[in-house]
Every structure is written in C-alpha cells, then in structure tokens.
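Note that chain A is present in both complexes that follow, paired respectively with chain B and with chain C.
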Partner chain A sequence: MVHALIDGVLTGSVYALMATGLTLIFGVMEIINVAQGIFVILGAYLSYYLQQHFGIDLFAGLLITIPTMFVVGIVVQRLFLARLKGPEKTAMSILVTYAISLVIEGILNIAFTVNNVQLNASYTNKSFQVFGVYIPYIYFLGFLLAIVLLSGLYYMLYRTRFGASIRASLADQAAAALVGIDVKKVSTICFGIGIAVTAAGGMVFGATNAFNASTSYDLISRLLTIIVLGGMGSLAGALVAGIAMVTLEDLVGAIWSPVWSTMAFFVVLVIVLSFRPQGLFGQQSARAA
Partner chain B sequence: MKKNRLAFRSLGAASVAAATMLSMMSASSATPKPHFTGAPIKIGISLSLSGDFSADGLAFQQGYQLWAKDVNAAGGLLGRKVVLDIKSDASSPVQVVTNYKTLISVDHCDLTFGPYSTLLTLPSAETVQRYGYAMIEGAGGGPSIFQAKLPNIFDVTLPVSYDMAPFAKWVSALPTATRPKSIYYVTSNDPFTQPVVDTAKKLIGSSIKSVGYTVFPSEATDWRSIADQVAQAKADAVVLGSVDVPTVSAFMQAFEQAHYTPKVMIATAGPDQGSSFIKAVGAKNADGIMVPNTWYGESANPLSQKMVSEYVKQYGGSPAGVNADIAEAYTVGETAVAAVNATKSLDNAKIIKWLHSGAVTNTVEGTVSFDKIGENLSQIAYTFQWQNAGTKFVQVNPVSDKKSVAVELPKNAWGK
Partner chain C sequence: MSSTPSSVFARPATWIWALCGLLALTFPLYETDPAYQQIGVYTLIFVACATSWNMFSGYSGYVNLGAAVSYGTGAYTLSIIAVHTHPNNQMGGAAEFWLIPLAGLAAMVVAVPIGLIALRVRRHTFVVITIAIFFTFQLIAINASFTGGTGGLSLPYIPWGASYFDIPFYYLALGMSIFAIILSALVRRSRFGLQLLAIRDDEDRAMGLGVEVGKVKLTGYVMSAFTIGMAGGLFALLQGQIYPQFVFDPLFDISIALMCFFGGFGTLVGPVLGAAVLESSQQYLTVQYSNGSLYLILFGGLFLFVILFMPQGIVVFIRQKAKQRTDRQIAAAAAAGSNA
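The block that comes next holds the complex of A and B.
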C-alpha cells in the first residue's frame, strides 16, 4: 500500500505536468487541445533523437527540446488556431487539434516507424531505497522536474507582469483587451508554454514507458480526464487531479484488484462532477485567481 | 521569389522525368513481368495501422505485402494479379466491422483476410460471414474465436490455449533442485492473453506453488504499481500475460528497479517481436526472457527461410529480428492460394468447403489443416528464449525436439 501511494504521487505529478499545458491552453484560449497527447509523444521522440544521434542526456536534452516545443506551439497556434473565432471556437478547436494530431502521428510513424521505443539512460532502471521502499531514480527525478517546472509556471503566473496578463485573460478576455493587454500575443505565448511543458512530460513518460505515436491516444484520454476532474482552466486542479487519479488507481489495484482501478477513478469523477460540475478547482476559481 | 518557384518547378519536373526514365530502364532490365489475364483479384484486409495494436498491424501489413509480391511474381492467382485493399481500423473493434462491410459491399473484394488480434477478429468474422465470405486469419487464436463456432473462420496458427503447453511441461518436470519454488501469474484480461495464462496455471497446477494471480485491465497504461506487487512477492517464476512490447517492457523495468530478478520469466506476447522488443528493452535486459510461439525467424523450414531471406533483403535486420506476425500473415496468404488453386475458384462457399475438408497445406509456419471450427491443430507449440546477452532468439522447448537448445536457467540478473 505504501508502494502504491508513493508510485501514485511520483507518477501522478508527471501526468499533472502534461495536463498543466492542456488546462493552461483551455483557460486562456478556450481551446480543447486534443493534440496534447501527440505533443507529449513528439517531446519524447525529440529526446530519443537527441540521445540516439548526439548522445545527449535525457535531462540535459530538455534545454533543447523545451524551447523547440515552445516554437512548435507558437507555429501551430499562429497557423491553425489563431483563425478560430466566434461561439463555435471551442468545438471547432477539437476538430482542428485532432487533425493536427493525426498529421503529427503520420509524420512520426514515417520518421520513427510504429515499432515501440523507450528512452534509456544509466539511471532509468536504477533505484534507491528509503525505509525499505525502492524509489526509481527516473520517477524521483521526474517528480522533482514536475515540481520545478510547475513552481516556475506558478511564479510566472503570480509574480510577473506577463503572468498578470495571463490571469487577466483567464478571467475575462474582453476586459483584458480593454485595459491594453495584447490578448492575441498572450494566447500565442500561452499555447507555446502549454506545448513546451510536454517536452518535459514526454521525456519522463518515454523513459518509463515504451511508446510509439499511437500511444498518444491513451495519453490524451487520461489528460482530459485529469483536467475535467481538476477543473478546466485550473493549474492547481491539474496538479491535484493528476496525483489523485494515479494514486487512487494504484491504491485500488493494490487493495482490491487492478481490474477495478480505472472504474474506481471514474466513479469518483462522476461523484465529484455531480456535486461540482466545474471540477474540483472549477473554472470560476481559476479565472478569479 | 517567382524566379525561385520556377526554378523549383523545373527541378521537380526534371527529377520526375529522371525517376521515370530510371524506373523504365530498371524495369526493362529486370526479370520478365508475369502476364496476367483478367481483372485483378482484390483481397480486403482491415489492419491496425494506428492505435494499441499498430506495431503488430504494421508487421501484418508487411507480411501480407510480401506474400502478394511473391504471388504476383509467380504469375498471380488463377492467372490474375493480386491486389491488397488494406484499410486501417485504428485497433478499434467497431471500426474493423465498418471496414469489412466497406471492403465487401463497396470495394467488392473477392476474398477477405483477417485483422490483428482476437479482439478484432471475432467481430470481423461475424461480419464477413453475413456476406458468405471466408475469413482466413493468423492472429485470432483466442478461445472466444472458436467458441463462436463460426463456419467461415480459419485460423492458420495454433490456437493460443496450446501455446504454453511445452513451457508448462518443461517447468513442472524440472528436478526439484532447479525447479522454481514459487510462481506468480499476472495477466491482462485481453481475450487472447488471459486464456493462455489460465491454461499455463492449470497445466503447472500444484507442481509449483502459486504465490499470486493478478488480472489487470487491457486498457491499462500504467503498469508500475501492478509490477511492484509482483516484485514484492519475490516469486521464482513469473508468467506474464501481455499483448504488446510496452507491457513487457514496463514489467521488466519495474522488476529491475525493485531489484528483483525472477529465475524464469515468460511473457505471452512482446518478446516475439524481434528487433522491436530489443529496441524497447535493450538486448542485455532481454536475455533469458521466454515467449511461446509456433514460429521464429531462424526456423529450418525451407519455405520460412526463403520468406525470411526476402524479408531481410527488403526491410533489413537479421532473421532473429523478424517479427512472428510476418510469418502469420504470410501463412494466411499461402493458405488462400492453396484453397483457390484447389477449387479453381474465388467462390467463397467452395473455398470454405475445401478449407473444412481437412486438406493439408505446407506453409512458412509449418502445416495448416483445419477442424470443424477452424482451428489448426496440426502445428507444434514451441517456447523461445532470448539468449547470449539478447543477441540470439532460440528454440528451447519442447525439450524432446532435437532443435531445442538448453534453457538459460536461472535467468541472468538484469543487464548482465
């Protein structure tokens, strides 16, 4: 049970990191980015490429992959998403980002084939012991990475001028524009940030799971569930829901049976949404934050 | 800018012209083209080119394409060219049904070959049956397929419930000193996998003490906590019911992180995917891992050797790295050729009748012959093991088979 609890917290934080981008994008732009899963896998493949061809360490490679994914995000937003306007924007964004997802999946399948790969380094299969429990370095480092990046995001949102612009856009885009905030620019940069964090999430995911481009389908369903539970648009919600989801699944698996793990989580999701349709940390709280 | 565009267009046109000339030159200097008569024979296939089964789906596609290429090079089927009409089902049991309906009623395919996995084969076979089509397939061997008692299904590969027999017999018969003292069974609830593990459990019985039996959902994507449970039991042997490489890889990684090395570890699927498996887990970690199957790339069967040689020539790699899916798909094609040639017809009713006649076909996977419910019981189940630091994939069971080499026992520590 202790194992399951630790596994849940360590793994859940990485899911939270991946979901953070998704919730940030929805919060600011009201875009449901169903391509987030394939961006995570793209981030994993970038780390794989740098390691295989240039021998760059997985964590050091983030210095290249995070800015690269940021640029990818900016380009995608400018080319495809900036054009979405009007009341159908959110619904249309699902179709557009799904199309983007399919295109990236196709490119990845051609570039890397559909054979599964996994990121390997000297520390990916090693662990250390704390009070009789083995803690894998990669999960621990992934947890630290998630904490650092989420803290960085939090700092940016609440301690910088740009963060204030984002929060203003989160609360009310029209009002933000009226006080001189360039909402378009904020949206573009937010999308870039939302995609940039997938580089980190993808690297940790790829070091703990064998993957190919199709793995993105499993990922996106989990990420969407996390932000629905946490409250769409809420960073804190993504963190809490990410950890809660994996921990609950692991605990049910350990105490009862893994067969019921997923169902148990969805039961909790239904109960929470019955009482709080806006999710744990709701849209209002995020937009008001 | 405009000038640049023109330059690019000219360059493009020149490239196309050069490529066309080159292809014409190579065509004229190659072996003479077979002369086909009549319209091509269309074979409809739904494959998982994306989704959970995409790695296997692609391997199946390669196997079918390799077979079609060979058949056409040999003059086609009934003198007609064979054309594959492949649609992607994204590993979805719903989409696969739509695909076969389209392949038959819209694309007017003459024959249908099976998709990948038991999960997708059953709804596919039920669908094509309504149109009177035969479903010859190589990856739908779970009990649910045969329990349906469909008259039109023909699985060229030995039913999976027989897969574990050689392993179970071997491990149960080991001398007490070397026999594992405890065993853990952990499996996905996939209709292909769970019956394989359950059969192994039944066959091994009380000869080895079972210290755990865990079933996890096939849609699981995070196996770490399940693998941790298994590692904590510290069983000497682990039987893992897996459907793909990521599952096996996750368990192996979690075991290593938990400093747990089982003396014996067998997984139902994944380690048979050749280089795809090695790429994911690393060659040294693969050492000692076992997998049941009816075929492997270094089989002495001359038909198999020919196919493997062609495959390696076309796609690269080594015989040991050739995915067993390739052979299964190729065998489907060989069986269809035998049926069409024997009946001299594309009439599916005649083909179904012939396939049920007990006629024997020699294929890359060995002999193929069907009983009343479409099972091919004429093949032999083997157990294979990655050895020599993960560089060799060898047959280790049945022990009575002269081609079997000694099992590496106990399995080396991870990465050694």
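The block that comes next holds the complex of A and C.
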C-alpha cells in the first residue's frame, strides 16, 4: 500500500513532466502531438546508444540528449507542423504526428531490432530503505530530475519575459499576436521544449521499464489520458493528473490486480469526462473549434 | 434534387462507377490465384469500413480514431457465438455467415454508450477519447476470460476447398462495400446528412439553427459502427482464428483515417478510392516483401506526403485541377471571342 503510494508519486512525476510537454504543445499550437510516445522512446534509445557505444552515464548523457531532442522538435515543427492551417488543423496534426511516429517506429525497429532493452547503471538495481519500504535509487533520482526540470520549466513560464509570452499565447493566440508577440517563434520554441522533456522522461522510463519501439502506444495512450483528464492546455492539470493517475494505477495494482491497473486509468477518465467534459482544470472553450 | 435518366448516363462518373462495379463483380473469374483473391477480400473489407467511417467522421468532422472498437466488437461477437453454438453441426459451413449482421448490431449496441460519453466533448478531445476507449477495449480483450485472452479464439472449421475458399468471402465483402456506399450516398443527400455537414462547418451555428447536434452526432456514430462491425465479423470468419491485437489494432484505426484523407475526407468516392489503392498495395507489398518495419516507414512517409501536399485528398485535388482547366478554357474562349 505505502509502497504503491510512494512508487506512484515518484513515477507519476516523470509522467507529469512528459504530459506537461504535451499539454504545452496543445495549448500554444493547438496541435495534438501523438508522436510524444515515440519521442519518449527515441529519447530512451538515445541514452541507450550513448551508454552502450561511448560509455556515457545516463544522467550525464541528458546534457546531450535534451538539446538533441530540442533540435528534433524544432525540425519536425518547421518541416511538417508549421504547414498546417485552417479549421481542420488539429485533426490534421494528429494524423501528421501519427505518421511521423510510424516512420520513427520503423526506423527504430530497424536500428535497434524489436527486442526489448532496458537501461542499466549502478543505481538502477540498488535500493534504499525509507519507513520500511525499499525504493530503487533510479525511482528517486528520476523523481528528483522531474522536479528539477518541472521547476525550471515553471520558473521559465512564470518568471521570465519569454515565459509570459508563452502564457499569453496559451491564453489567446490572436490577442498575443496583437500585443506584438511573435507567436510563430513562440510556437516553434514551445514545440522544441515539449519534445526536449521527452529526453529526460525517456531516460527514466527506459531505466525503469523494458521497452521497444511499440511501447510508445502504451505511453501515448496514458499521456493523452492524462492531459485530457487535467484539461487540455492546462499546465497545472497535467501536473496533478499525471501524479494522481499513476498513483491510482499503482494502488489498484497493489490492492486488486496489476492486470486491471491500466484499466483504472481509463475508467477514471470516463467518469470525470461524464461530469466535466473540459477536464479537471480545463476551461470551457467559448467557441467550437 | 432528382436527375433524369439521360443526364445520369451523360455523366462520366456514372460510367466510371459502372466499370469499377463490373471489374469488381468479375474479379474472382479473371484472378484465380487464391493469394490475390484474398487481397481482393481484404481490400473490399477496407472499402466498406472506410466508407462507413467517412459517413460519420468525414461528414461531421469528428475524427474517430477508435474504429477498431467496432471492428473488434463485431469480430469477437461472431466468434464467441460461433464457438459456443458450433452452428456447423446443424447447418453446415454456411451457418456462421448468418451471424454477420448480428456482429454489426453488437457493434452498434456498444457504440451507444461510447458515443454518449465521447460525443459530449468537442472535436479535439473527441479524437483523444476515442483513442483511450480503443485501448480500453484492447485491454479487455487481452485480459478477460470470455475472449480467450492473448490466446484468442478459434472458430469452427469451414470445410471448403482451398481453390474456391475465398470466393464467398469476396462476394460478401463486395456486398458490404456496396451497402456502405449506397448508405453513405443516401445519408449525404438526406436532411440528416446536411445536418452532419452543418456540424462539420460550424457546430455552434448549426445548433443555433435548430439542429439537435447531440442526437445527430450519436445517430451518425452508431450508424457507422454497423458496417464496420459486420466487416469485423467477416474478417473473423475469414481468418478462422482471432487475437486481441489483430482485431483491436491501432494500425487499423489509423489506416482507415489515412484511406479517407488520402482519397478525400468527407467525399463519397474518396474513401473507396483510398481504401482500394492503399489496402491493395499494402497487401501486395506484404506478400512480396515481408518487412514490417520498412512498410511502416513507407506508409508513414506516404501519409505525410498526402496530408502536406494534398490536404483535401486526391478526389478534391483532381476536381480542383479539372475545374481550373475548364475555367482556363472558358477564359481562353472568352478572350478569343472578345478579340474576334
């Protein structure tokens, strides 16, 4: 019980980080990035590659993988997503990002085969004891990493000028453009940031789970559930829903059966949406889109 | 809007439909290789599904990325009944085919509560919820006992010779496709279809003009589940064995959407064309080269290309080109006239 609770909060923070990237992208650009799952896996494989071939530590490797994923995000945004316009933009964005994720999945399958791998380091197998509960170091380190990155992200969003322009674009794109914010530039950088966090998320995910390219389907369905539940475009929603959902999943797994724990995820989604279609923290859209 | 018989026969579209129908009807006669006949069956299954999907998603603009829920429900309904009743014993191999409409009905019944929940939200969130619901169904199929879990279900054996095994399936799939196309055409011309299109254009305005959007969306969603469910049932019979990840397949969801966008989202012909081209070429590639990863890259790349360069699909793209050409000809004729 206690174990599941601690586990849930620790892992949940990592999901919250990945979901924050996703909700940021949706909020600013009205793009639903279905490729977020495969980007997480790509981030995990990058860490794996750096460790296997260059012997770079997983956490040190983040100094390389985070900027790399940021650039990948910007390239994808410039090449494909910036072209989308018109009323069907959001629907099209789902299809485009799905297509991107299929291409990356195919490439990863060829490059790394479909065999499951897991990231290993001295701290992935060792645990320490708190209140009689064994916690693997990697869970704790992952939690710290997520907290550091989320704090950095929140600091940037709420304490800097650029963050203010992002929040303005989140609230109202047209109005933001009117007061002189370069919405296009903000969008591109936001997409980069949204993808960059997957490098960290992917590393922790890869160190705590065995994965291959098709694991991305499981990941993306969870991440999407989290941001819908929190309210699409809501940063606080992604944070709260991320931690709450994963904790709930772990609790169901501990009390009832791990087989149905993923199910709890979706059941909660359905119940919440029946009462609050806009999600926990979402605002009712004034106009249909 | 009614047109006289002479004007119908004067339109080239009528002749193209007739030619395609004739080719489709006689396909098993000139293509006797079972491997290729099977490609024909799969292609027609997808023609039926894509047309039916488009009848709701294409007309209303609510992109459903959980069509496999209907497909899988149909497949499992038929399989579970067939396994428990063994209709072969009483009526021979053909008895199971009577279960196909039942598979469609089951898909409709399942679609009602899903629609009630998922259609409460606007488009963007709807897409995401359909994905989530899809994964829930996949999970149930994998974990529940009545579905046989990951081992799947084996259907009673159909005692037909290999040389003509696919032919009944082919004509059933063809019938389903024709049914889906006619239904889609009827919906498009009806008041109900106009209401769906109005929702796609501007839901708030449609509501303001008195369209009962909730009811219309739910009806459309449930209607489109019927043919997809029947196709799932047919697929189960054809395979003789179903597994959760084959009938609740995320690639199915996205393939259907791609076929419709490729051909022309919200048009009548688009999904037919898209499914015919994409599914047949995919099956052909699978028969020729069995590299799944390479296929993913090609499929994704093609998808990107179509959406970025022909965002309205081939049908609309060709229509626009043709219209531009006639406009130019008219302009040229007018210019020549004014010069003379």
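One rule holds in what follows: the second predicted complex is superposed on the first by the 280 of 289 C-alpha atoms of A that agree within 3 Å, B and C clash if a C-alpha of one lies under 4 Å from a C-alpha of the other, contacts with A are read in each partner's own complex, and residues count from 1 in each chain.
In this text, a residue touches a chain if its C-beta (ideal position, glycine included) is under 8 Å from a C-beta of that chain, and two chains touch if they have at least 3 such contacts.
The model shown is predicted, which means the values in this text are computed figures rather than measured ones.
Participant: Look at where chain B and chain C land on chain A after superposing the complexes, then choose clash or fit.
Facilitator: clash
Participant: Of the two partner chains, chain B (first) and chain C (second), which one does A:262 touch, if any: first, second, both, or neither?
Facilitator: In the superposition, A:262 touches chain B and chain C alike.
Participant: Does the superposition put A:24 against chain B (first), chain C (second), both, or neither?
Facilitator: It touches nothing on chain B or chain C.
Participant: Once the structures are superposed on A, label A:118 by its partner contacts, choosing first (chain B), second (chain C), both or neither.
Facilitator: Touch status of A:118: first partner only.
Participant: What is the contact status of A:80 with respect to chain B (first) and chain C (second): first, second, both, or neither?
Facilitator: The answer is second: A:80 touches chain C but not chain B.
Participant: If you stack the two complexes on chain A, which partner ends up touching A:166: first (chain B), second (chain C), both, or neither?
Facilitator: Neither chain B nor chain C is touched by A:166.
Participant: Thinking of the overlay built on chain A, is A:217 touched by chain B (first), by chain C (second), by both, or by neither?
Facilitator: A:217: touches chain B and chain C.
Participant: Which of the two partners, first being chain B and second being chain C, lies in contact with A:107: first, second, both, or neither?
Facilitator: Only chain C; A:107 stays clear of chain B.
Participant: Tell me the contact category for A:94 with respect to chain B and chain C: first, second, both or neither.
Facilitator: second
Participant: With the two complexes superposed on chain A, say which partner A:274 touches: chain B (first), chain C (second), both, or neither.
Facilitator: In the superposed model, A:274 contacts chain C only, not chain B.
Participant: For the superposed three-chain arrangement, which chain C stretch in 95-103, 113-121, 239-247 or 311-319 runs into chain B?
Facilitator: The answer is stretch 239-247.
Participant: Once the two structures are fitted together, what part of chain A is touched by chain B and by chain C alike?
Facilitator: 105, 109, 217-218, 259, 262
Participant: Residue numbers of chain A touching chain B in their complex, please.
Facilitator: 3-4, 7-8, 11, 105, 109, 113-118, 120, 124-127, 134, 136, 139, 208-215, 217-219, 222, 246, 249-250, 253-254, 257-259, 261-262
Participant: Over in the complex, which chain B residues touch chain A? Could you list them?
Facilitator: 49-52, 54-55, 57-58, 91, 189, 214-217, 219-222, 224-226, 228-229, 232, 244-246, 249-250, 253-254, 256-259, 273, 275-276, 279-282, 285, 414-415
Participant: Sort out for me which residues of chain A touch chain C in the complex.
Facilitator: Residues 26, 30, 32, 34, 80, 83, 86, 88, 90-92, 94-96, 98-103, 105-107, 109-110, 217-218, 220-221, 224-225, 227-228, 232, 259-260, 262-263, 266, 269-270, 273-274, 277-279, 285, 287-289.
Participant: In the complex of these two chains, what residues of chain C are touching chain A?
Facilitator: On the chain C side, the touching residues are 61, 63, 65, 117, 120-125, 127-129, 131-133, 135-136, 139-140, 143, 202-204, 250, 254, 257-258, 261, 265, 292-297, 299-301, 303-304, 307-308, 311.
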